[in-house]
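Paired with subunit B in one complex and with subunit C in the other, subunit A is shared by the two complexes that follow.
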Partner chain A sequence: MEKRDILRIEQIRKVYADKSQINEHVVLGDINLRVKEKEMVCLVGPSGCGKTTLLTIVAGFLQAERGNIYINDMPIHGPGPDRGFVFQGYALFPWMTVEENILYALKLRHAGKEEKQNRLAQLLKMSHLSGNEKKYPKELSGGMKQRVAVMRAIAAAPELLLLDEPLAAIDFQMRQLMQEELYTLLMSANTTTIMVTHDVDEAVYMADRVIVMSPREGEIIADYHLDMARPRNRHSPKYLHHKEQLTLYLSESFNIGMEHTG
Partner chain B sequence: MAVSRDKIPGPVSDGRAYSLIILLGACLIWYVAGNRTTNHMVLPTFQSVVCAFFEALTSKEILLNLAITMRRVLLGFSYAFCIGAPIGLLMGYSNAANKALSPFINSARQVPVMAWVPLAIIWFGLGDGPTVFLIAFTGVFTMIINTINAVQDIDRNYYHAARSLGATRWQVIRDVVLPGSFPGIFTGGRLAIGLGWMSVI
Partner chain C sequence: MQQGHKTTGKTFAFLSSVVILLLIWWLVSLILKNPAVPPPLDALKSFVSAIQRELFTHLGVSLYRVLVSLFLATIMGVPLGIFLGKNPEIDEKIAPMIYLTYPIPKVVFMPIFLIVLGIGDTSKIVLITLITFYQILVTTRDAAKNLEKEYVLSVRSLGAGSWELYRHVYLPGCLPAILTSLRLGLGTAMAVLFLAETYATQTGIGFFIMDSLSRMNYEGMFAGIIAMGLMGFILYLMLDGAEKVLCAWKQRAS
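== the complex of A and B ==
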């Protein structure tokens, strides 16, 4: 049976007023995209092409000028627990412990004590954070914060998980390790995911599908499917081939940007 | 500040040691200068001031007055806090409230405190009332402004995070606005107490 669409993005347009207030800057011209159940989609493109803008519109933090977002065929109105968001800077509540951060969604819907305990144990185990539940975010390393942020979003059991460059703050040496870890985490949570990244290697390692956006009104210039077994071998010919292809698309997108602004 | 102190270990990082040295140095200069001048109206000797200080500490009347002053400051501060913090929270959280209220707040702020003294005496009589009013009055704007800043400085993403985890407007206020602005409100409170002390003197 064909898998159903969890997310439908239809004819999204987003315009910002220029600094001068005279011209307008069309960030997203007419964006259309469908994401299937359990799909892991990476969104790549040059800086400023509108990746964060699109993701925040899907999250409901930002309103589009035109178009609609559907989750399971229902149009969205503002943010909601059906869409989890992992922020680039994590945005963990500094006044809450790890445990309180992770269980916040459950607290909001007045979950029982037992449910909270079970869920917490499960999530801590999944993310290897056991023993840190009483700590405050400032006591954690970057990688741990990132895991707490993912767990906090997953705890709400969202239909769709949105991640904005979740590994951007992780240094180069740790990055590959963190990619594996994050991927395992997402798989065990069993959600549909859209992740923004500007790292082609990260996209090829993690995604089922890579969407390449261009700086010309955010137009999608490639919708690239990666049919590779997991875990992926970063040195296999197939992996390198996909990486090369995507790098080509990305430089094409970059050139479009140069023409568009120049 | 606490952060930078944490970073450098050992006594070198402890500013209090230096403060003590400076204090002792100042006392020494005063002591020497006081014993060299002949006109003690201009500069009383160090010893006589220290003696007077300890006499004052044991004098019932002075302690009583100190207690009265402290009571006034605390009372005035409580009013400033209880009025200023909620107004500041409202103005920081809601743009509409900010626009509507800030003309009044700003014009009332510009009036020199002394100009309120006659009015305060008419309103509250001659007892504690006017003093407490003036302390509250000077403190309330500090509270309002610091609270507004505290709320406005909260990272937008904390609101977004709470909303995307299912928080209603009230839950956002309870779980993000209040705890997020607490450090700023606390700073406002400290400044307001300080101003209170200064305005009683």
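== the complex of A and C ==
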């Protein structure tokens, strides 16, 4: 049976004008994209290609000049709990404990005490955060903060999880470890996911599908499907082949960017 | 164990500070040999005897005036400050008004308030409220303005409406700044209180001090000064306690 589309992006156009309102920069010209249920999609591209802008529009934080976003065939109007968002800096509320952060969306829905406790236990177990629920964010390590941020975003079971370069601030040595951690977490969360990254290796390690965007009006120059078993072996020939292919697309995108701006 | 050491160290530092300050006071009184600066023990004795008589009532009146003023300034300044910080387009229109009136020492309006509002508590409370309101308003507004935008986007994406945004993000996020402005406001409030109580009134510690001065009752005067200082100190401790309880998330070591 064909899986249904969770997300439909139709003819999205986004323009940034400079202060004088004379020069316009078309970030996204005409973006169309469909994401199926349980798909893990990575958006990659050089900086300035509009990948984060697109993610922000899907989240409802930013409005497009034209076009529509549909979640389960329903058009979106601004941000909502049907889409969970994880910021690069996590944006955990420093005045709330781990537990309060994670359960915040449920609290807003006036969920019952029992429901909250069950969900909390489930999420803490999934993220290996048990025993830390009474701590404040500043008492956590970077990796723990990230897990709390992901748990908070999926607590109310959103249709779609959006991650904006969740590992960009992590240094190289920690990065692979954190990738594996995040990957395991996303697999057990089992949510349709879109993640923005500029790291090809990260995309090949995690995604079912990689969308390569170009700095020329955010045009999608490749929609690349990765049919590899999981967990993936970073040294297998197939892995390296996919990585090489995507690196080629990325350098093509980079060249388009050079021509476009130069 | 560590915690215990820290507490003992703090208590020791506190007690030794008290001893050193009393010593300085005592030395100054020795050097000046002036009845207006009695030695600590004499002053404390007169404080203890005065507080058992009329000083207690004056203390109550002054405390009432300061607390009501700070309360009014807070319930007006905090919501308005958060509102302006959250809505920069409105703040832009209001900001010049605040900017122009902020540097005016509002205490100069005291005569006007005395004429318009009478010599009772109202004129004093309005004056202190007005002055502390400005400090609280400006500090809260700036804190709200500088609150990380990602917190706001996060709660909205988790399904929060306007009320939750204020209640769960802006208020707790601005609370440390609000308490700091209250602490600063407390100092200003006490200074203005003293001034306001030295004119056209028969009540309050300010009156008590100036009344004792005019009778050349220096020990009584000093008892009043001690009462004023003690009141400030206790209110300060209360604010400190409030911060420890309300901003526990800031206190814990990382």
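Basically, the second predicted complex is superposed on the first by the 260 of 262 C-alpha atoms of A that agree within 3 Å, B and C clash if a C-alpha of one lies under 4 Å from a C-alpha of the other, contacts with A are read in each partner's own complex, and residues count from 1 in each chain.
We take it that contacts are C-beta pairs under 8 Å (C-beta built on N, C-alpha and C of every residue); 3 or more make two chains touch, one makes a residue touch a chain.
Worth saying up front: this structure is predicted, and the values here are computed from it rather than measured.
Steric overlap between subunit B and subunit C is present once the structures are superposed on subunit A. In the superposition on chain A, A:113 contacts neither subunit B nor subunit C.
In the superposed model, A:19 lies in contact with neither subunit B nor subunit C. Legend: residue contacts after superposition of the two complexes on their common chain; A:139 is shown touching subunit C, with no touch to subunit B. Of the two partner chains placed by the overlay, subunit B and subunit C both lie in contact with A:89.
By the touch criterion defined above, A:77 lies against neither subunit B nor subunit C after alignment on the C-alpha atoms of chain A. Of the two partner chains placed by the overlay, subunit B and subunit C both lie in contact with A:152.
Applying the stated touch rule to the two superposed structures, the overlap between the subunit B and subunit C interfaces on subunit A comprises residues 59-61, 78-81, 83-85, 87, 89, 91, 93, 95, 104-105, 108-109, 152, 156. Per the touch definition, subunit C reaches subunit A in the complex via residues 148, 150-151, 153-160, 164, 168-169, 172-173, 175, 247-250, 252-254. Remark: subunit A residues 59-61, 78-81, 83-85, 87, 89, 91, 93-97, 104-105, 108-109, 136-139, 152, 156 touch subunit C in the complex.
Residues 155, 157-158, 160-168, 171, 175-176, 179-180, 182 of subunit B are the ones that touch subunit A when the two sit in their complex.
Taken together, the subunit A residues at the contact with subunit B in this complex read 56, 59-61, 78-81, 83-85, 87, 89, 91, 93, 95, 104-105, 108-109, 152-153, 156.
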